[in-house]
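Shared between the two complexes below is subunit A, which has subunit B as its partner in the first and subunit C in the second.
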Partner chain A sequence: MKRLVSLLFIGALALLLLYVVSRMPPMGEPDNPTATRVVPRYLEKAEDETHTPNVVTGIILNYRGFDTMGEVTVIYCALAAVLAVLGRERRGRIRDYVELSGLPSSVIVRTMVALVVPFILLFSLYTIFHGETSPGGGFQGGAVIGASMIIFTTIYGLHLSSVKVPQRFRSPLEGSAVITFFLVGVLGFFGGGNFLTYAWPRVSEGLHPALVTWLTVLVEVGIGLGGAMVLISILFAMVREEGADEPLA
Partner chain B sequence: MNLWHNFHYAVAMVLFCIGLYTVIMRRNIIKKIIGLNVMETSVFLFLVSIGYRKGGIAPIHGPGADPSRMVNPLPQALILTGIVVAVSVTALALSLVILLYRQFGTLDVSRLFREEEEEAG
Partner chain C sequence: MSGAFKHLPIMMITLPMLGAALMPFVSYLRREAVPWVSALFLVVSGVLGLLLAGRIPPDGCVGYRLGGWEPPFGIELKVDFAGYFLMMVVCGISLLALLYSRLYIIREVEGGKITAYYVLFLLLSASMMGFVVTGDIFNLFVFMEILAISSYALVAVTGNRNAVRAAFKYLLMGAPSSIMVLLGIGLLYSATGTLNMADLAARVGETGYREVLIASFAVLVLAFMVKAAIFPLHLWLPDAHSIAPSPMSAMLSGLVVAVSAFAIARIAFSVFTVHSWGVVGTTLDALAAAGAAAVLFGGIMAIYQRDFKMMIAYSTISHMGYIVLGFTALNPEGLTGAVYHVLDHGIAKACLFLCAGNFIYRKGYRRIDQLKGAWREMPWTCFAFALAAWSVIGLPPSAGFISKWYLVYGNVKADRVPYAVVLLIGAILAAVYCFRIIYYMFFQPGEEGAWRDQVMDAPAGMLAPTWALSLATLFFGVFSYLFLDSLLKAAASLLA
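This part shows the complex of A and B:
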């Protein structure tokens, strides 16, 4: 009975949604309202106003900077909540995935991971530092760093990866995204503008515009580092197992 | 009917319903979280495809980049925000699931409810 009602509800919802979608303007036409109202303003003025060639980065960090600062706070809060629920990891008290899976740890897998991880880190640095001129940015680069540590931890175990990224290194950097964003925002006052204006009014009066670009890159680096450390800490808190709490013999 | 032109939107809506079905019907909590992620992804797909335009180029200024041909950058920026929030929600949900499993030894919702009733009664 419950199953039938749920299916009916979902079916009705699907029909309604498909009907609405079929009445929307055709996708990708240049004269759609989504392409004619706000967006031309962004596309034409973004490079002069934000000094970042990538308009998406300009929107995230400059036009909607306040929004992104709140979002950075959200991931920090998520980390705080996860740590409040699970607790920080303790070193040396878990066996790695390869041991737990019952298969002998394969030399091929270990060698491949050790070879690939440095290149993944290099790619993530490229993604972070070129976020203002090419697709990418702090969040993406941070996620790539986190992914590389996920590979490393599943194969080499929590002990080794928490030696590589120790807690005394991670815990100050977890808040770096929020702190950099806030500091750069406060710099907006000294630039003669409001919070998070990236010294814009002074630039329009002749201050060197590269300053805005460098501040944007600084925020990107802060977000990348902070996001990566938050992801790694969440991973370590989850990987730690209650049953494996005894130290390894 | 524009359904054929808008089939990206239609796929997003179907994905949304699949995710909702998973959230409602599955009894395993991890599968419910996967369903939630499918719903989130369908919304991202919907918004990003709204920003698409035919023959558009990436919204990055540079030599040969014509602003009048660029795709809409606004949904992409919004979705970056959305993805981060989705990751945060998933991380928190999964950590609560880990705690539930340690406490009750099961991920089945109906069995969890039964355990809870037994503890209360």
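This part shows the complex of A and C:
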């Protein structure tokens, strides 16, 4: 009975929403509100105004930079949420599932991972630094770094990876996305602009084009580094949790 | 507003965010410093806010263009007096709850998680401050995400089974509501092509896609009803708010739900202009009915609770109904009452939860009948409770009286006498559940061995925030005239 009522309710809601979809502006029409209000300016002027050839980067880091600051805070908040529930891994020697299971992975897998991870890291750096001209950017690059550490940790175990990326290295960098955004934002005040104006040092005829580009790249680097550290810390917290029930010697 | 002062609101929002980002490093260097450094960031934020006093025109608002981009293209903060007022409320109550946490949290949260607790705490305060002053609807969503994620985690931070279950229930109701907010914003964007609230308000009237806009408003209201725990969608609140650590309950109950309720008012008045449109008004009427039901339901359920914190949580459901009934009256008096109610409900409810925290800290008592005779051992906590309860009921000269006066006045003025009667019945219900506890505390003999004869109250570091809040209920009652004129003007301009 309860299921039937829920089903009817959801069905009615779906019909209602489908009706609304049918009344929405037709997809892809050139005179839709979405295509006429803010988008033309972004497409036509983004490169001149934000000094980044990649329009998407121009929008997320410059026109709507504050939203992105909020989003990196959300990512950071996710880390804090995981740590609040699971706790951070302990400092010092960690016994993890690789040791506990007593099943070392094969030489082939270990060698392959050791060979591949540096290239993955190289690619992530390319993604981060080239994000203002081509698709990519800090979020993607950071995720790639995080993924490379996931591969590394699965094969070599938590202990070795926590030696490679120790807590004293991660803890100042976890918030680096938020911190970079804040610093670049405040820099705008000194150039006589507002928060996140990318305007310093002050140039009489407006913003300094190369400087805007470099500050954008700086923010990308901050996002990439912060995102990577957040992912790695979340990984470590979750891996430790997996071995937590096992008796520790 | 000129010079460096125009940057103050954005600094108020971003400084606690910066503090949160620095906290893991502070903790790595010196774990004992974390509470103090966190408090420092909120203090600086609050001082910057005080510098703004008198610089926000009551009948207008100060726009701040982030990145210097003009409104529809960039993000804009719109600091009107109501928003500024709520920002200060958030900052003040957060600071007191944070100071209270220092001693309390060591008991309930294991050592390694304490830093995460403070990080989430700072992010929660920062997001609420951004939430009330942003002038961009997508930015509102971003702040709502931070607010929601940090709230879920802070409910679960103690790590015991019930806390995790309550947090999961909160997450299960909260996550769909977050998605619905995004859906509502998406619909709105598809019909208008803009995200700036002022620009939306101008274009909502002239666009042809009426059905899309109606659906968008309905979805947004429904989503924020979950976040604000308004009656039929309140199911997550009692568990989450009663199981969270007490200073966190104070934040969740005092600020988080109230700020979410204010978001409905913000969307209704700053995005969809009420007067131009019948259907938005109908949705608001339905919301008012839900609010009236919440006042009665929350009040009656609170009377039947045996757990002290559970009772306060149900009282919160009742008071969210008050806020909704206030702004749906659609006149400046009602809206002023609602905004002032966010203040006094926040202060009083935070104080009640901190008192509950004092009892739990000292004695581990959570049941109401265990509080019989508490007066002998913990007189300071009991008196603070009585003062805050006075404001929850809404008796003069407390702040609760002022806001309830305006709420009733606004509803009578809007020819909604039944709702005004509901508000008064709500006050009677509040009197029943509050006076019962006051009677138990002061006039009932305690059980044998439950309380000592000698005074052993909570430590000063916990009593001071509790008393600061309970005295604030009196201060904002007696000196309400300092704020009410400006709030009335701000409310009138918000409704115009």
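Note that in this section the second predicted complex is superposed on the first by the 216 of 249 C-alpha atoms of A that agree within 3 Å, B and C clash if a C-alpha of one lies under 4 Å from a C-alpha of the other, contacts with A are read in each partner's own complex, and residues count from 1 in each chain.
By our rule, a residue touches a chain if its C-beta (ideal position, glycine included) is under 8 Å from a C-beta of that chain, and two chains touch if they have at least 3 such contacts.
Bear in mind the structure is a predicted one, so any value in this text is a computation, not a measurement.
**Q** For the three-chain model obtained by superposing on subunit A, do subunit B and subunit C clash or fit?
**A** Aligned on subunit A, subunit B and subunit C fit with no clash.
**Q** Looking at A:Pro26, would you say it contacts subunit B, subunit C, both, or neither? Reply first, second, both or neither.
**A** After superposition on chain A, A:Pro26 lies in contact with subunit B alone.
**Q** Tell me which partner A:Gly193 touches in the superposition: subunit B (first), subunit C (second), both or neither.
**A** second
**Q** Based on the superposed arrangement, let me know which partner A:Leu13 touches: subunit B (first), subunit C (second), both, or neither?
**A** Only subunit B; A:Leu13 stays clear of subunit C.
**Q** Name the contact category of A:Val38: first (subunit B only), second (subunit C only), both, or neither.
**A** Touch partners of A:Val38: subunit B and subunit C.
**Q** Using the superposition on chain A described above, determine whether A:Pro118 touches subunit B (first), subunit C (second), both, or neither.
**A** neither
**Q** With both complexes superposed on chain A, which partner does A:Ile179 reach: first (subunit B), second (subunit C), both or neither?
**A** second
**Q** Regarding the shared-chain residue A:Val55, is it in contact with subunit B (first), subunit C (second), both, or neither?
**A** After superposing on A, A:Val55 lies in contact with subunit B but is clear of subunit C.
**Q** Quick check for you: in the superposed arrangement, does A:Glu71 touch first (subunit B), second (subunit C), both or neither?
**A** After superposing on A, A:Glu71 lies in contact with both subunit B and subunit C.
**Q** Can A:Ile234 be said to touch subunit B (first), subunit C (second), both, or neither?
**A** The first partner, subunit B, only.
**Q** Rounded to a whole Å, what is the shortest Cα gap between subunit B and subunit C in the overlaid structures?
**A** 5
**Q** Pick out the shared contact residues on subunit A: the ones touching subunit B in one complex and subunit C in the other.
**A** 17, 23-25, 32, 34-35, 38-39, 42, 64, 67, 71, 74, 77-78, 81-82, 85
**Q** Can you list the residues on subunit A that touch subunit C in the complex?
**A** 16-17, 19-20, 23-25, 32-39, 41-42, 62-67, 69-71, 73-74, 76-78, 80-85, 87-88, 90, 167-168, 170-172, 174-179, 182, 185, 188-189, 193-199
**Q** Looking at the complex, which residues from subunit B come into contact with subunit A?
**A** Spelled out, the residues of subunit B in touch with subunit A are 1-3, 5-6, 8-10, 12-14, 16-17, 20-21, 24-25, 49-54, 56, 58-62, 67-68, 70, 72-74, 76-77, 80-81, 83-85, 87-89, 91-92, 94-96, 98-99, 102.
**Q** Quick one: which bits of subunit C touch subunit A in the complex? Just the residue numbers, please.
**A** For subunit C paired with subunit A, touching residues are 4, 6-7, 10, 14, 17-18, 20-25, 27-28, 64-69, 72-75, 110, 112-113, 115-117, 119-120, 123, 126-127, 130, 136, 138-139, 142-143, 145-146, 149-150, 152-154, 156-157, 159, 164, 187, 189-195, 199, 203, 207, 209, 211-212, 215.
**Q** List the residues on subunit A that touch subunit B in their complex, please.
**A** Its residues touching subunit B are 3, 6-7, 10, 13-14, 17-18, 21-30, 32, 34-35, 38-40, 42-44, 46-47, 53-56, 59-60, 64, 67-68, 71, 74-75, 77-79, 81-82, 85-86, 133-135, 137, 139, 143, 227, 231, 234, 237-238, 242.
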